[in-house]
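Here's a structure for you.
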Amino acid sequence: MTDHVVEALPGIFRLIDLVGVLLNGVLGGIIARRKRFDLVGFAILAITSALGGGMLRDIMLQAGPPVALTDPLYLATALLGAVVAFLLPLGGRWWTRLYVVGDALVLGCWAATGATKALSEGLGLLPAVLLGVMTAVGGGMIRDVVVGDVPTIFGGNTLYATSAVFASLAAIGLADVGQNTVGMLVAIIVGAGLSIAARWRGWRLPDA
Amino acid sequence: MTDHVVEALPGIFRLIDLVGVLLNGVLGGIIARRKRFDLVGFAILAITSALGGGMLRDIMLQAGPPVALTDPLYLATALLGAVVAFLLPLGGRWWTRLYVVGDALVLGCWAATGATKALSEGLGLLPAVLLGVMTAVGGGMIRDVVVGDVPTIFGGNTLYATSAVFASLAAIGLADVGQNTVGMLVAIIVGAGLSIAARWRGWRLPDA
Amino acid sequence: MTDHVVEALPGIFRLIDLVGVLLNGVLGGIIARRKRFDLVGFAILAITSALGGGMLRDIMLQAGPPVALTDPLYLATALLGAVVAFLLPLGGRWWTRLYVVGDALVLGCWAATGATKALSEGLGLLPAVLLGVMTAVGGGMIRDVVVGDVPTIFGGNTLYATSAVFASLAAIGLADVGQNTVGMLVAIIVGAGLSIAARWRGWRLPDA
């Protein structure tokens, strides 16, 4: 890669991260609308969907308050998603396409963030993969439980958590040789590629 | 205010706090009775209802074990609530009136505690409001999820979390000018006034 | 006791601990099969069942990341349980007998671990009992909530959490006189004895 591209990457990762927060905030709001909740419900489901995974990771790592609370943009962006979902009747075909692509991109980004943060706190391979997956899928899982649904990642979906496992492994492998930035890029490509391919081809994990 | 009143305020706040723990412990027990749980269920629902919000706040803040575990009176008071609810068939009109007034008072007290604790740990305005609201309504929310109900604060109630938002904002504004004690007092008045007025007049948030 | 037995005890406790992780990992997998989840669901339910209680305890104690993440054997053993449950159609009479005995042994072991860890972090008697019980029954409780069931420990079972209360008290009493190893042994005997006797005789707590 040319130097210019490499220099631009951290900014691009930050953008993908915040777009992920916004899209998952909107998704929380859409679910709040479907359940006929009021503005408080919109706000709580937006925060849970968008930031719950990272909160769970940071609570586990015990290295200070969750980034979701210390980075001033996170809460504001998640709440913006709630407001957007409150004002606009999203949820149709165009929203779904936008969400699927955006969420696929952020899946690997969040998995890589969680996995490498776990490594830098001194945890081993298996816990790092767990925290990578938790960062990527934890928010949706908590949201599903809170509204009384069985989490979709438990079965019947198309390789969602599995994509996060492979993205985490890619990030861990490249962080291990000191290539964190490249690792993040590869994790995003692996996560997005695998989750979109699985959705397109209908790939599923076996059940027992 | 006269000096005597100002000196008495911290003791009064402590009393409101513990009355809140007791009343919400009883409420947890009443729900345990309705669900036909045994003594263990009474105890867990009392602890969750009465102390869950503060536990969630302290887990997020990561400044040591939750006050619910380090202050010797909290757990004992919550369990006393469970025992009261186990022995007495509460839940009638007089209980409801007592609970509504007591819970309205504690709403602002807990919101102010959570919001100012978040500020003193260095968090910003939005996270402080979130932790204020979480302290006030988090216990009931966790309890509802744990027994398989959709949390009532998500919709259909009368400005419960909204009152906690305004109480948090009042406490934050006055803490910002160094008036923590006055801030707590104003938060209690705002929280109780707004939540009782909303219940009395049937005010609700719009849904989408 | 002879010196040889005393020297062997820590190794035996470690074995009981890991057998408990394995059995509860398998149990999580059996529930995942019953709910028709895929491999991801098996893994998450195994981790939740086997390690959720200790995670909850360590998050409360805030003395570093959960042992479930820092001890390399825990996650691997829980996931091994998931794989076993995925490959073998367990759940029949022999499995139930094995699980009941194994889980009864680990109940007191986990309660003692949680209670004494709470004491060593400076907490009092009541919080120590709470964290002992939480370590023993918290994983099953979280798993039940996550899959949308009302936790069985809330009622209708046979003194499960109650056995953990008495095992915690035994461990606390003996830790108080400096006998941690004997305390763990007595806690295991008390927990296993009471929970198996209760199951055999159908003992239950009163409901209200």
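Per-chain residue numbering starts at 1, and chain names A, B and C are given in the order in which the chains are listed.
Please note the rule applied: contacts are C-beta pairs under 8 Å (C-beta built on N, C-alpha and C of every residue); 3 or more make two chains touch, one makes a residue touch a chain.
Just so you know, these numbers come straight off a predicted model, no measurement behind them.
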Practice task
Tell me whether subunit A and subunit C, two copies of the same sequence, contact each other through the same residue numbers or different ones, using over half shared as the line for same.
Solution key: different
Practice task
Tell me the angle, as a multiple of 5 degrees, of the rotation that maps subunit B onto subunit C over the C-alpha atoms.
Solution key: 120
Exercise for the section: Please compute the C-alpha centroid of subunit A, do the same for subunit C, then give the distance between them in whole Å. Expected result: 31
Practice task
Would you please write down the residue numbers of subunit C that are in contact with two or more other chains?
Solution key: 59, 62, 145, 148
Fill in the blank from the handout: The answer for subunit C against subunit A in the complex is residues 29, 32-33, 35-42, 44-45, 47, 55, 59, 62, 64-66, 69-70, 72, 75-76, 79, 85-86, 89, 145-148
Completion exercise
Per the touch rule, the subunit C residues reaching subunit B in their complex are 59-62, 118, 121, 123-124, 126-127, 130-131, 141, 145, 148-151, 153-156, 160-162, 204-208
